[in-house]
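Following are the structures in question.
Next come two complexes, and both contain chain A; in the first it sits with chain B, in the second with chain C.
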Partner chain A sequence: MKKLDSHQHMTTPVIAARSVGTRVLRSEDPRLLSGRGEFIADINLPGQLHVAFVRSPVAHARIIHMDLSAIRDADGVALAWSGQDVAPLCEGLVGEMAVEGCFPTTMPLLAKDEVLYVGEPIAVVVADSRYAAEDACELIDWDFEELPAVTNADAALAGGPVANPQLSDNLGLKGGASFGNVSEAFEQADQVVQGRFYTCRVSAAPMETRGVIADYEWASKGLRLWSNTQMPHYLKYMLTAYLGFPEQGVEVITPDTGGGFGQKAHVYPEEMLLPLLAREVGRPVKWIEDRRENLIAGAHAHEQFVDIAYALDADGKITGVRTDALGDGGAYHMPPWSMAVEPWCAVVMTPTGIYDIPAAEYTYSAVATNKTPVGAYRGVGYMAGTLARECLADDAARALGMSPFEFRRHNVVRDFPWTNAQDIVYQEGSWLETINVLEKMVDYPAFLQRQSELREQGRYIGLGLSVFVESSGESTATSQEHGLGDVYHDTATVRLNPNGTANVTIGLSAQGQGLATTMAQMAADTLGINVEHVSVQTARSTSHAYGSGTIGSRGAVVAGGAVARAADVVREKVRLVAANMLEASVDDIQLTDGLASVKGVADASVSIADVATSIYFDTSSWPEDFEPSLEATQAYDPAQAMFSNGGHAILVELDPETGFVRFEKVYSVEDCGTVINPNIVEGQIRGGVLQGIGASVFEELAYDESGQILTTTFLDYGLPTMDVAPPFEIHHLETPSSHSASGVKGMGESGLIAAPAAVLNAVNDALTPFNVVLRDLPLTPQRVLKAMSGELSTAQQEATSTQGETGHA
Partner chain B sequence: MSITPEERLNVAMTINGRRYRAGVEARKTLADFIREDAQLPGTKLGCEHGVCGSCTVLLDDLPARSCLTLAVQAEGRQIRTVESLADGQELNTLQRAFREQHGLQCGFCTAGFLMTATALLEENPAPTREDIVETVSGSLCRCTGYETIVAAIEQAAADGAEGNDDAKDGAQ
Partner chain C sequence: MKPPKFSYVAPTTLDDALKHLASDPDAKVLSGGQSLMPLLAMRLAAPSILVDLQHVPNLSDIEDRGDHIRIGARVTHREIERSALLADRLPILSAAASHIAHPQIRSRGTFGGSTAHADPSGEWPTILLALSATMQAVGPHGNRTIEADDFFVGPFTSTLRDDEILTHVSIPTTRTAWSFQEAAVKKGDYGLALIAATGTPRGGVLVDPRVTVGAAVGSVTRLVAVERILTDEPLTDELAEEAAVAAAESVKPISDIHGSSDYRRKLVASLVRRAVVELKNGA
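Showing the complex of A and B:
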């Protein structure tokens, strides 16, 4: 079965932690703080031209006629293309995922016959300046016949008007699986709790929009492509596969990047078009997305419905879980993840969570609609799945008269390794401890007392709990564990310089996670040198180390493993020479704090700098048959899936006048194994949780019935601001992974994954006196006010009675 | 008498203590002038409609959205950008506080926060937490969750923002 650990690149060296675990200040910061970062918009090539897109103003229409001659005649315009012009060069990007029941689509680079969403590019203009290019876009002459817009996932599922002619029944995805005796669990249940949860459509909205610069040199057939992508090596592969640029001549360059959060982990039509345009005009071309484009044409995220039911026995144990997820995928599968990225991940990755549930069954589907394609956003599928599971846990706790802590403690897995109903193996975890620590952090009895006192005064506070487990360090093993066949591995190169300092190159591009700092910590400890003596280059160019992408909470684990393995090869060279210099056995040489010393012998040491200098310049220091390279490139891929865990408790107060949800405090527990740098881990938690708060309360990409998107600026699409951001109290648990370098696990996604469930549970806790349970995001002031007005309590009673019928079967 | 957007006008302004003079299209934004003509790319464009605050610069010592200001509106005025903050080749008090408090991750919004906070600390060297939140809430950050940005500005105030005074003197 799942045996991968025979490969060499899956084992990592044991290293003594020196800088790992400490709050090393980031090496990235001085540049970024002084305006010396180099982001894609800051890069200008001699002779460059500027690109602007004409985007569809309608959701669904047949293109009858398109004439770009007025554009081509405009001042400063070098080139204009329609879908007809580009189709012979590239038919489009195929989107699908290798899961059961995924029906592929091909997304054209520019719409040719039909436009399928507002924002879809229909023409591209290259001109002397962005101002001139945008002016020329206004001159487009086209006619279209509007077609019915499909904007509702349930309607799309039921058939009717077709959103995308490539999917005649609107289905982009449909499948399911069952594990254990689910029917029996539900037939014999003492009661069943169930609910349908909705996660609204949102945008990852990184502060820096997307951008692409292409420069093609015909004489050498060399293509340089700058993109702020999270997957430079994959993009390079796609440029070769789709456009035929010779692979050996393609270089993808990723400059400093202003956040990605998954939105930049796709391959977009714009990234394919720019190289073609550069080749055609013979000059470099540059496109920087504006915010409106980012909100209408950058991948959208999250929109799905999750139906979930627990079978509970008389003792209050969950004996079975059924989950169905329906994703509103937008007009196309977003390559390379597809519409499966939300509903499939939600039902496959999350239903059992931290609970010992012996039977699980799931179904998933995704439908095409005439909206922007849905893609990846920090913790794909996990957010919706965790919301459904954790909010249903609170429903169950209420039904059983247990506290949220008590119900979770009653059902939590206590023994590891644990194999869940789906045969997914969890090697270790601090799942029970997370519940206990959170309960203590919030001082639950004191909270209950305060809640009850405030209610007397007409004030409504609520505490919401959400406990999560997430796969991290996305790897070949993780993929296999979840029934996929994706292969991941990354390399790193470590070079020790003549004066004992090191340069490290990794294959992952960075978007603000501080990888240059944490990887320096990993390299420094492996080599036994000071972290300030290590300089790390993240994947600025595909000409260096290889990487499978900065996705799936994998950076620290996978790049860290590759760095440790490469540094270990160099370390062994240093030990060999140090042993020779110190006339000791290699086995006795240890490298720490800048010294190579002989174990147990005081004063028998030489500085690592001296050893390095000797290797470069003094052959007399070499042992026999020595090969003096102090540079190594090694690959890494974790041998087994690994899972981080933790939880959040969020304290809110509802304003009965305005319906506004005020966030008083966030309590977070995170167990990502060995913490490389607490500052960075805590930064990921705060940022991720605030994105979760945004997705729960403030953010929604709204459409009208005609498929017109209504949220096209940051005035309409409200990101959380400083005045609504809560303070945090963060507690670290450390259950090291048994098989990663230093025991590190990934955690970049956990904040967004688990925060919305805590928010919804907190709001529902605050709403207890109104006898209402909300299940849809976002929790806008209007909806909260309505809930507090008593208007929704009838609906809630209906839901309860349905539940009663299903229960006690 | 009206001027077309494409019409070129002469404009002169002082940025970070240095005089710039150029002929620019009337429609050119101050942000584009700073980034392209003055070649100071530290000022970032996050939304181009005045909401996110990334492009904030100091216009005669007051924070201004350079994406909503035309270059020609800055005629004869004093502008400070993020490039003016460092104290020689050292980070100033505020920049150091951002680093020590982990008040930035991707760094794209940071220049706007730094310039807004600089103006705040120049006007009020001992702001309360509420003062800070009220003043700086007009800038968006997607990475940090804001708590560490508030902490950084508090630390800078506590450490004394003498670095900012130096920068201001240097610019004038």
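Showing the complex of A and C:
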């Protein structure tokens, strides 16, 4: 895999950390916490109409007849469209992943011939109010012939009934690769441990549902589209590419957004339909997704099976790993991430994890089923991959009679840079240290003592460990490192004002990550000014800056790099003028703490504010040929893939009478290089781990065999709440990246990536006296109680096999 | 999730409320709205007219009447949770109130609404059956009282007639031995199983014990087999075990995505055991 040479020039300045690394309070909070945020539902345009969708109540059917005349005649209705009406304007959204063995699908904006999942939009209604629109939706007259619903991934893979006629063998993705001598490793293994893990279907369930407002101005052909998307620039591109709106006239506006987590990093049929409707009715149109729609029709996540096997030598070293991932992808590829991304990432991104495994082999497939399309959710694929790898590590430790810490320490990579079997290069990391620190934090001997004492009393506690490495700062280089061709970059604009304050604009929309705070810290330190003097505008509109999306733990790294680079251009201007004012050499000018000072000369300084004022208003301060713009826009895309790492240890207790899992404590170690702001990093850890706890114990989007979704409200879909959130103890390690601005690495996804493995390991640790090992999520009370009542045979749960008998699926 | 069209009235007398209710077969009483409004929003119910009780007088008191306490239909879950009188005289209500949903919902949802709604997962129906409460209703033909045993007859079904309004619930205060057990996955969730057990302690045994189960069953029901075991017997751990076995054998649990009937049977047994042990320790 070639590295992109052209990226080497994107250097970032070396700066003195002042606000970087400190617990600067979030500048967003006074506004958001006092109810002054403006979310999409708060926005009302004069003359706006409201949109509601008719969604399929059946999983798979052929549409025989559809008549919208009763809808059109209903009170207050301005327009109603079926799939037939919209198809001439847009055939649908093509979804695929640019890897070999991915078979694309085209998802219609409204189902035309066949409906493929419950919740698929089949008609859209525009009316005076949402009430009138929903009333009218009930008047739909349609006939359909039910077709067999494919609801099981294994069955879909085996052939049989077809879920989506565009994929005749149900395959949306199939492929694999092998590195090193895997067969030999397994043939010569002293023992093989293996298991099949299941990560259930969940929803990212952001607190704010999706929403779109479209306003079309026929005279200029201008389109303004409000969407709480994580990828405004990509959405703008799609609006021009698919619908033909003139690029120069399209503005995508992203108001305050209440969480995205990847669900809002897709482009949805609803976002494509609203502009067409606005153009047709000549008035602004608004759609705010309700919770039921969000649970049914917002991208689903996670559902896949991962088969994994380790070959172990007599010393307990892993000599080879085989992984196979099978994703239950739902009916279509959801652009741009597709049903492929979940299983593909699970096996390709980190099959070796933190372990020094010389040989690795993986296969992956994604199958279409008659369920809602699966897309990206915080740490897509990494969660399942980490679950399989880390839980199998515990199986191996049990088989070897080693402690989970010991087994990991025995196999962990110790020397960097390290190139894994796949040829992925890890420049640096604190992988061993993570294990050691976690072991200390939990006081393992004391835990073991307490565990055995409690067992005597009929109480069952368990400690689960999960250690991860995560590619972060999603970039062109990261993409290439993993064999993809995606190209990313972001820009930022920095302007220094006459009084020495700064305004910064970035190309990323924010969903609650605190980007306005961390980017202010990066800009402040680069410019040498106080962080309170910087104001950051995240991408509220595509008219400023450019960005590839708030995804893939990339915000801090990529926006941070762009901000530092843009601020550096301005900084150089300030240094030039300061040198002139102080009659010193520019090389000796340093900018810190609001002052431009001469290195090594006490008292030789001028305030940066005075320099800025002079640049604006006093030409005599200028050196010769000085160009006075104090505004710069720069791009950034890291030159190399970078990986953050860390681990969690989670302490649980199982109730032997109810099967409930109670969370006692979470211990987290995070190494995301230089920490810009510990508060924000810790918030990301807490939120991510809580989502991981949800995905492993409380949440599941359930379907029945006919493809009917059963969890359509929060009554049935169990999000974790504050009440189940345990206390956290968080430890920061800092192994800076050698090439990002200030050595920052991304970490937004790590909590969700690694927590479920720790939860499952903790539950299995607590279950040790019952001689069972669970591998399916979620760990419902019913499953746990069954395990505790000895109803699951050990044979059925057997993880180890003797030499040669690999039994790999 | 917007309700279909409906009319709305907020009468200021009980008589007017009854008139409105009788004016249309699809009229419905609105109390706290915490069950009814979600049903409307999901279009699972489409009443023609909602008769809001919020301005009807005399429905919001908790009154000590000596051997019983009378609670108005409009008293909120939150008021019950915070009532000093109930904490003293009917502490099972104070204890159970905090299990109902979350504070926001408890501040709006009402005792009468929950009782009339007859949700098999509701704390109040389960507890009122165990406390042998009496419902007071008024309709076009006058007042009547309905014993809890005759009130909850099916899932979301009571013997209250469509044109009647539940005004008060009277609860005897003699059942001073009590235990309330709920197995809910998270705080505020509806329980997977509820058990309420009450009785009058006399000379180390329970007189007339009542044990009811909610949530795990299609309709709140008494566990008569368990009651029989507890009657006039000294409460011991062995008796608790016997009661648990009887509960498991006699209960007819439902099965859904939150738990199979087999699982719920085990839960019911565990909760009954816990309840009897608690009665033993408290008695």
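Everything that follows uses one rule, which is that the second predicted complex is superposed on the first by the 787 of 809 C-alpha atoms of A that agree within 3 Å, B and C clash if a C-alpha of one lies under 4 Å from a C-alpha of the other, contacts with A are read in each partner's own complex, and residues count from 1 in each chain.
Definition applied: a contact is a pair of C-beta atoms (placed from the backbone, for glycine too) under 8 Å apart; a residue touches a chain by one contact, two chains touch by 3 or more.
Just so it is clear, the model here is predicted, and its values are computed rather than measured.
Of the two partner chains, chain C is the only one that A:T711 touches; chain B does not reach it.
When the shared chain is aligned, no partner comes close enough to touch A:Q521: not chain B, not chain C. Once the two complexes are overlaid on the shared chain, A:D290 sits against chain B and chain C alike. Contacts of A:N764 after superposition: neither chain B nor chain C is touched. Contacts of A:L785 after superposition on the shared chain: chain C is touched, whereas chain B is not.
When the two structures are aligned on the shared chain, A:A702 is found in touch with chain C, with no touch to chain B. Judged by the touch definition given at the top, the superposed model places A:T658 against chain C, while chain B stays out of reach. Among chain B and chain C, the chain that touches a larger number of residues in chain A is B.
Legend: residue contacts after superposition of the two complexes on their common chain; A:Y131 is shown touching both chain B and chain C. In the superposed pair of complexes, A:Q230 makes contact with neither chain B nor chain C.
When the two complexes are laid over each other on chain A, chain A has residues 131, 290-291, 713, 715, 721, 723 in contact with both chain B and chain C. Every residue of chain A that touches chain B in the complex is listed here, in rising order: 25-26, 28-39, 41-42, 131, 205-209, 256-259, 261, 290-291, 511-514, 679-680, 682-683, 685-687, 689-691, 713-715, 719, 721-723, 725-728.
Chain contact summary for the complex, chain A toward chain C: residues 130-131, 134-135, 138, 290-292, 657-660, 698, 702, 710-711, 713, 715-716, 718, 720-721, 723-724, 780-782, 785-786, 789. Of all residues in chain B, those touching chain A in their complex are 25, 27-28, 35, 40-49, 51-52, 54, 81-83, 85-86, 91, 95, 98-100, 102, 104-111, 114, 133-134, 136-150. The part of chain C that touches chain A in the complex is made up of residues 1-5, 38, 42-43, 183, 185-190, 192, 257-260, 263, 266-267, 270, 273-274.
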